[in-house]
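You will see chain A twice below: alongside chain B first, and alongside chain C after that.
== the complex of A and B ==
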């Protein structure tokens, strides 16, 4: 049995950065790469499922990205993923989350996993769509923002808890195979050992292309995407800072008034 | 990254007499344990700060003549050409970076016991020192005054020859010029005593004479305690303080002002336990009203915002710093380069100062493990030798030593996994900083936390594994690391084991519900009763800190101490105010008293000197003194045992027993650092982690490489007309 864990190598930024000349992205020189935080949890959930099952389970991590993304795949391999697939060709630049979902769906059709675990969202773009769109394309059931996942013995159903607004939780059952988007906090992601890191260096990463996955032109890149980025910019800051002056007692009472006004007391 | 324009005024040059300071960062005179006899240490430590951006860098107090000899403490000296030669190394190295070198010319009078020179100190009147009780000075007559002033002149000429740019007449910390100025010391009836003008005369004349001798070549500075904090019986800022500034201003090029005296100079070098950054400002802020010459003051300034506030508000022209320059010799450059986050902020623990107070071993710093190691070990605080292998290293324990070891290894380019059961790095420091007044000690953790976060971004294979299960031997063996560093810290003894009896105390057992170790106090899981007895056999801060905290929370606290309570806090200048604090909180103390047994509610105590004073041999099995008959009982609801610590070294010892399995698991070495090796000061724990990281590729890095020693060589001629061989005068 297989579990597919699509991951994303996200971009974090320092204080100072510049945009590309076309203003559609941050200049790649300023990109600092890391594994998406949510994906740490979806991978851990897959590892826990594997460890608690008697029958063999293969965990496949996959991502869409250039060779820089190997670092995040190897991080997953170091923690215990069995196999890694990286999909890339230059046509995949400017692919949005729907376009990414199409690629994942092709991998799923080829690998036939019983379960796809994604993160709820990526920390850089925060669309929260890749997982559920993948389910839509595959025609699979899905559950989003899941903070507990318990598959039954023969892996045909799972009972789950979903995190709702206002501290509510929703309990439901879902048929497998399914796509589950995993919320942070569902588990405590492990760290890789140095042994794991060293071993991961020698595991080959499969380099796939849209062609090799059998994708057609209309599915690829901007053609397969539902949106394009027109412009990226830093919104103008409206200064709302107030300097509270006076003696400490005066300052305290002014502050209390502001808080009460804000609360509508 | 570049200088934040709002800090630009801190980098504007300023003229002091014939010299120009290139910016506003100034290392005031402070002791390091180098003096004139360890010239390499002196030159390297001071010039490193010039490299780090400080515009003016001084010696420690520097004796002008054998008549001012502070042995058993360590000052610099400008007594002869040999000293000139040695201090020249410091000035030459400072000048390479365009900074100015200053010397603090010092005559101690009765505060200097002259234990080496055996000279007689001279003072304005005769008194014994409140700092060195057995040292009396001779009251100077008019010839003596001229004579001692000539010492200053001759020392100033030697200072100029040694290459110094700034020459001080040092009158802070109650040294000679201030003894003339202060009616607390000066009881004279002649023209050197009585009115302010008369009391100021010695200092003014000395400044005139020194200025005449070297004023064309050197800036003349004076360090002045503008308020000795005794009230009207001595110097008060708005009385004699400002009047003296007015009188002397024409004769000085630079005012270096502070407050306090020598006996309680922690009022100047204020420990963070009691004083925040800028604590002297309520006094020093007045100086600029009168002084026309540049003014600098200290107050553990580490924050550029605060520095800007000082300069902008006109409180001072120049930022003086001693401790912040030790914790981070590159503080100015880090501000200049827009790297304020990288500043290693002084935590104000005063462990640097403790070494001078102890009598002059090389200074150490809790934050900066390289302080004092610049010359002898060749350690630069900001630059590290690149790694020499691809070895990966697992460090178990992210306390002060483990986190420092990880930081330095990562700086060197090694792949490091730092592993801890806690959710945060810092180890026991995370508890200590919850004690009253010790919050700033957390900067030690914060610095390492922020640096590790940056370093991990540079090497994705490095890892901070926090909140983990305790490591087992099996985990360590299978982890895949080439080298293992055990930094698992230490714990307080649960059974009363202590350094006095080297044994446990019957009945003491922290697993019961009425006995607590400090860790159990911190965890808050055990209820603490109204009446608390702290059984103490530790001479640092833990017992007084817990006493203060519990007394503030309404407990009735009695400390039973078999050792001099908080003795080390004399050296860190925390002692006096700690005493005042315990007094205010009505904490009771039984000193030279220890415990022989405990049961719920009762502690059996005895006077440590309650046995017989006469010693006889009474045969085997019998004590050589009359048995102690002072045992009695005191009552408590909770007993806190601060009797001693032990290393948490079981993981290390178990790994050693499985040494045969190391190579099969690819392990080249297992080392132990910090408190896990032996409990010690945080500064020393940090040092062991730093040292191991620097020497990890040595054949046996567990044991330090030898360092360069600066020692006198028999037969070597240290200056002209000096016979180094034994010669008797018959």
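== the complex of A and C ==
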């Protein structure tokens, strides 16, 4: 049995970043890469399922991204994923999260996993789209924002908890195979061991393209996407915050005054 | 293709406030022929609540249960897209919408964007604005031509208008489908003991900037000496460094009665803001001068939270 864990290498921005000349993205020189926080949890959930199951389970991590993303795949391999697939080609540059879901769906058709675990959202763009969209394309059951996942013994159903607004939770029962989007806090992600990091170096990362996955033109890149980025710009300040300058001591004494004013001291 | 479809959301007998905001956004943006769909069993009150001046119709779809079922909502939306051919579909960006909209968008090949906080439609061309890169940039989006566009809208942006029996109500039979993800029950959040974020007038909140569990204690003490209630962002509660009852935000508590909110080492994610951005006096302390929290703060301090905490302790000895 297989579990597919799609992961994303997310971007935080360096200070004083600049846009690309066409204003459609931030210049990649200002990108700092990391594995999406949510994907740490979905991978951990897959590892826990594998460890608590008697029958063998293969965990496959996959990502859509250029060679920079190998680093995040290696991190997952070091923690215990069995295999890694990275899909890329230049036509994928302007692919949105629906377009990425089309690629993941193709990987799923080839690998036939019993479960797909994505993150609820990516920390950089927070689409909350990819997992549920993948299910829509595959025609699979799905559940979003899940913070407990308990498959039954033969893996045909699972009891889940969905985390709703205000801390309310909803218990549901879902048929498998399914796509589940995992919420942070569902488990405690492990750190990779030194041994794991070393072993991961020797596991090859499969490089696939839309072509090699058998995708047709209307599914690829902008054609398979549901939106197009026209431009990016700096948000207008909503409330112009009064910036309190000075040394920490001076800043703290201003803050103390704000607190005392509030208390009416 | 013409018209606007909005799917209402409700839970435990309450209409979701963001539904009213979504309807309001459509009315204010003059989107064509607004139809609001209400799905469920006891839906009379919801039907009346969505009859805001400016809508054309309420479509009532009576089913055997009031609980959310992702397959029911997805199949119903698909059915309505194919019978009404709307040019625009607007949904509130909530946990339930996250739980089905993208499946329909991908399957029906809609134009699609989530967590949109501004949009316009003219001559059938839709433009939407959302955040990117941890809210450090805004992104303007366009959509593929000749397809319905579905947007999920960020809550707390549009101020809801009052219902006044506008529009007509029509009934439509629910689609035939099989439920693959079934509701069982709701679990209420654990009692918060004596921690009262909603009731607190003064909250000092800490986020991931606190860096380590062993640093949390000093902020508990600081909050105490200031007479503030200690709050936190989600990662602090997820790590188990503070109880969930202290978490402020969408999946935590709302700082309903707060007058002064000091956010230390919190970046200002949409979900954290959902619980506190309404507070009149927000002071943000962050080492990153571009952190999005500064856009919502009245006062900003670009500094290390530990240094400010240290100096504050000198100002407020026990």
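We adopt the following convention: the second predicted complex is superposed on the first by the 237 of 265 C-alpha atoms of A that agree within 3 Å, B and C clash if a C-alpha of one lies under 4 Å from a C-alpha of the other, contacts with A are read in each partner's own complex, and residues count from 1 in each chain.
Note that contacts are C-beta pairs under 8 Å (C-beta built on N, C-alpha and C of every residue); 3 or more make two chains touch, one makes a residue touch a chain.
Computed from a prediction, not measured in an experiment: that's the story for all the values here.
In the superposition on chain A, A:120 makes contact with chain C only, not with chain B. By the touch criterion defined above, A:145 lies against chain C but remains apart from chain B after alignment on the C-alpha atoms of chain A.
After overlaying the two complexes on the shared chain, residue contacts for A:71 are found with chain B alone; chain C is out of touch.
Look at A:191: by the touch rule set out above, it reaches chain B but stays clear of chain C. By the touch criterion defined above, A:233 reaches chain C but does not reach chain B.
When the two complexes are superposed, the chain touching more residues of chain A, out of chain B and chain C, is C. Of the two partner chains placed around the shared chain by superposition, neither chain B nor chain C is touched by A:216. Residues of chain A that touch chain C in their complex: 11-13, 15, 17, 26, 97-98, 101-102, 120, 123-137, 139, 141-145, 159, 161-175, 178, 181, 184-185, 225-235, 237-239, 241-244, 248-249, 251-256, 258-259, 262-263.
Per the touch definition, chain C reaches chain A in the complex via residues 11, 68, 70-71, 74, 94-96, 98-107, 109-115, 127-128, 131-144, 180-189, 202, 226-227, 234-235, 237-238, 244, 247, 250-254, 259-260, 262, 269-270, 281, 283-284, 288-290, 292, 294-304, 307-308, 310-312, 314-316.
Interface residues of chain A, counted against chain B in their complex, comprise 16, 32, 71, 75, 188, 191-199. Chain B contributes residues 1, 392, 394, 415, 417, 457, 460-461, 463, 465, 467-468, 478-481 to its touches with chain A in the complex.
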